[in-house]
């Protein structure tokens, strides 16, 4: 979690310094869901993320150096600078792709699950999405398909209570988003997304269900975003009360307090320090990496191009 | 006046001029810092605004239905790419309804989107789908490039009984231009000659007009007098203005931000090649966004889009008959 | 050995062959296990079972995305879109995902997907079941688009599409389904990206696509009687366009007529004329002419349909217009 | 106060149900001798659409789908111009530009008809939004099949209708019972995973009920409440009306599988043929409603026969009118792409 937090804080700093351009969506405060969910997976499981993908990629084992390079549009980035933050992809570690289209990754995850099922494999697929995706038609179509065909997929809804810029209440009258999945007979769980052990436990059940051919699950993790919708979001305001509350529920702090008796403060501090150091180094290397060349531009539109 | 201010002014006039005008959507000024300017308008007319969920298919369709029922909604799709979610309602319903009903039913609707390369938008947020819309009969398409035009054209669009696509560009928001207090609605199908010249005609719309004008200055210094034709509306298209200019200059460069294949440029070249073959002293050139998805990385992004430098270079090539 | 079969049978027999050939080929669509509305997938379900011949709900967007996901995972899905017009519901998955994933990930991913799209005017189906949308797909980098007219191409290009490692939109014209042709008992994939001169001629080049190739051929026959020697080029592949074959033909004839069933404005013809203009400006001795549908939605009345769809006479008129006063 | 269902109202309903039935029977027979293109018929659903739509008033808007003939008749559309439209004649409601799939008549409250599955849902919701924002007490009705619930458009539109508490009624005609690939009409089906379609609406807090679409009284009462709620600004209602898929609808092209309906079967059971006996006895809403009327005693078989003759004649006249009408001037194909700009 510290690795993710450090990565995103660094990304935020680089963005402010103009070293990174484009739309940058951070998940600071949502680390527990990424770590808890991906921790329950095996390397060959397939993860599909959305426009807030950094935490998921790192949790699935992506290299932060190549991630920084991608954010900075360098040739050494995972996508050679063609994807950027929103289209991060590291299929080699099972982080298949991210999409800038809300809910756009849901059917992709279903398809991956269908392929695994059709080939008699036990690999499962996971789709991360925010509460905003729940109001899309694609979400409804995907619930139906996942349930109909008992696909080995886990639908992970990170409900941070805000769809893009507005509170969830402005987007739907449905209070418990998991109710949508209940309608389709999909097992659901709604739980505290800032509690790492809780997230992990819920995910373990879902993974077991999917791997053993008992079909999809819908997990709704209640969490919060400590940043705006995207870096530089002028509408992002929080009063002090909200801020203190948010910081109290900061998943890293909570997990640290849990480990404190076993590890002790110095060890815990060490973890944070090591994470920051690794991130600094990775960022430095990434920014020193070469820009893409003209020849790269026309490559990979279609195979062999 | 700033273009961004003109957009807000256009919306204000629409809302104040006709109570049937309601605004659906909140990103008329994209994610730019100007965003908050629209907010004041929303606060003044809370009951005339609707903030939809992230469900383009549903709320754009709702806009069409509302128009059928007698409202004159202005629906915002934010980034052009999101119109793909609503294609079924825009191109299968809105564009066809008047025709399918044999003229019984009209759809007085305006759909706004911000298109094109915006800087780091990458492949999923840098689309210019207007050529695809143009290939679908039944939609009027406006492509303003000047603060005065956006106000005048939007007034006409709101008054029109047809579905109108309002093509905007976030990079226009920072541009400035003279705006008279008493702007009249601008009739559709009337191009504006943004710069006169007799050596070469440049056809450009939306943001590309600004870049072409900048290029024209450079070329002027080299003694190449460029005429810049801004169609202002693609549907209906002022073919005469284009043909008149080409008849004068004998040379045409089409600058467009759509992809080249089957883009706006293709249609313009075809029209001129069919109707003014004899007037041409040199082959027409197209300068468009290259036929690759728009890459994220800045240097690559600049390489795919039509830049001032590339316009100057292409213009020289046409004049030299290269 | 060869035996005469119909275009629609060529499609189903090719699907059968490819399903046999590669276990990763799967077919997805509404009612495909019942054969679909025109019987293209008839009998496949019995041979290959429900895990490979998959009936889907009426959820075009999700089904398209699901097929993309399956393709990412190494399957070779063939998605049937019952009517071209319904692909409007899947545009985001097609344009923002299928067409771009390879590029956005710099080649880390590939999407070996075939999208069978049935379209074209005929039968009074009206504006929601009759469109020709090839221009949209041609406009999207990352998509390949084929539009077979002959029965042989119906098989060869389908096999090629299924074996291709990128998304291929395979355009079928309803009006061709029952046209006959001969075909080898075994189908070899055709090459995507090649046009074909289906009738050599010296005076005027007519480039046609899909069903309009048949119309162009009849026009050519009639004109031959008046001593006009028309060369007919069957485009076969809409994207990438085989500009070489076309310009090579124009260097000989000096005249170009483009014929398609889609709306002229912003259509495939515009791109062909623009492309030829740039590549063979000095070879053209008269302006190119586009023949296509008027700038209107597709009317339902069979009577209006007849006016809407370009006819043999329209092509003849266009050809004569390109010729000097005779 | 719900509108009561007096005898006149019931006879008026039976009349329209007969027109709807005879309209489709004539059409199917016509299609046997000449190619009139693909079309969908409303046979077997009259007992839902006719009573439901009889409750609408002038200015209420309705958005239907590819199976629309019965809906237009329910709101008083004339068989003549309807046939004319289906046959592509200039006297059709859309002057031959819409055809059977896009049959629309503004004067009868059908502004446009989408034949793309689920296409009508956002339009109906938007119309409800427009009407309420214009301060009108008129309402919007979405006439959809169960298949439309598989579309994302349903989910997005239902959410909007619920949030804005719009005057919209979703009348979902579930005619899938015993349809192709359906486990005897049970849900989950081969294409829909939910066990109860109404939950797709109630999850949004939308008032949702499932009723027997063959029960004219049930349809009338449920729809009356829904209309009342919508008019009073109490928000949307979802009604799933269950009917049995008419055997003639099973093939891709409709066939007169049960023959021309002999209305006398309603009181003369010996006339019921062996084949499809269950359909005639239990699943045909037209015969069912006729039986109810007769059972109440203040309506006689002679009257039914007279009504049947009169309506059959009325429908035939309509068909003759259409066949005698001329085709549009081909140049009309170029008209009505745009309407003349502006007020």
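Letters A, B, C and D mark the chains as written, and numbering starts fresh at 1 in each.
Here is the rule we use: a contact is a pair of C-beta atoms (placed from the backbone, for glycine too) under 8 Å apart; a residue touches a chain by one contact, two chains touch by 3 or more.
The model shown is predicted, which means the values in this text are computed figures rather than measured ones.
Listing every chain that touches chain A and chain D alike gives B, C.
When chain centres are defined as mean Cα coordinates, A lies farthest from chain D.
Distance from the chain A centre to the chain B centre is 36 Å, each centre being the mean of its Cα atoms.
Averaged Cα coordinates give chain B a centre that lies 30 Å from the centre of chain C. For the pair chain B and chain D, the distance between mean C-alpha positions equals 42 Å.
Residue positions of chain D with contacts to 2 or more other chains are 92, 94, 96-98, 102, 114, 116, 119, 150-153, 155-156, 159, 163, 190-192, 337. Residue positions of chain C touching 2 or more other chains: 56-57, 59, 61-62, 85-86, 88-89, 92, 96, 103-104, 126-128, 141-142, 295-297, 299-300. Each of residues 53, 55, 57-58, 81, 85, 88, 92, 99-100, 122-124, 137-138, 291-293, 295 in chain B touches at least two other chains.
Chain contacts here are complete: no pair of chains fails to touch.
Chain contact summary for the complex, chain C toward chain D: residues 31, 33-34, 37, 55-62, 85-86, 88-89, 123-129, 294-297, 299-304, 306-308. Residues 135-141, 143-144, 147-148, 171-174, 179-180, 182-185 of chain A are the ones that touch chain D when the two sit in their complex. Only residues 46, 48, 78-83, 87, 89-92, 96-97, 99-101, 104, 106-118, 125, 137-138, 141-142, 144-145, 148, 296, 299-303 of chain A touch chain C when the two sit together in their complex. For chain D in complex with chain C, the residues that touch the partner chain are 35-38, 88-89, 92, 94, 96-102, 114-119, 147-148, 150-152, 180-181, 190-192, 252, 327-328, 330-334, 337.
Those residues of chain A lying in contact with chain B across their complex are 21-23, 73-74, 77, 79-84, 86-87, 99-103, 132-133, 135-137, 163-166, 170-172, 230, 233-235, 291-292, 294, 296-298, 301.
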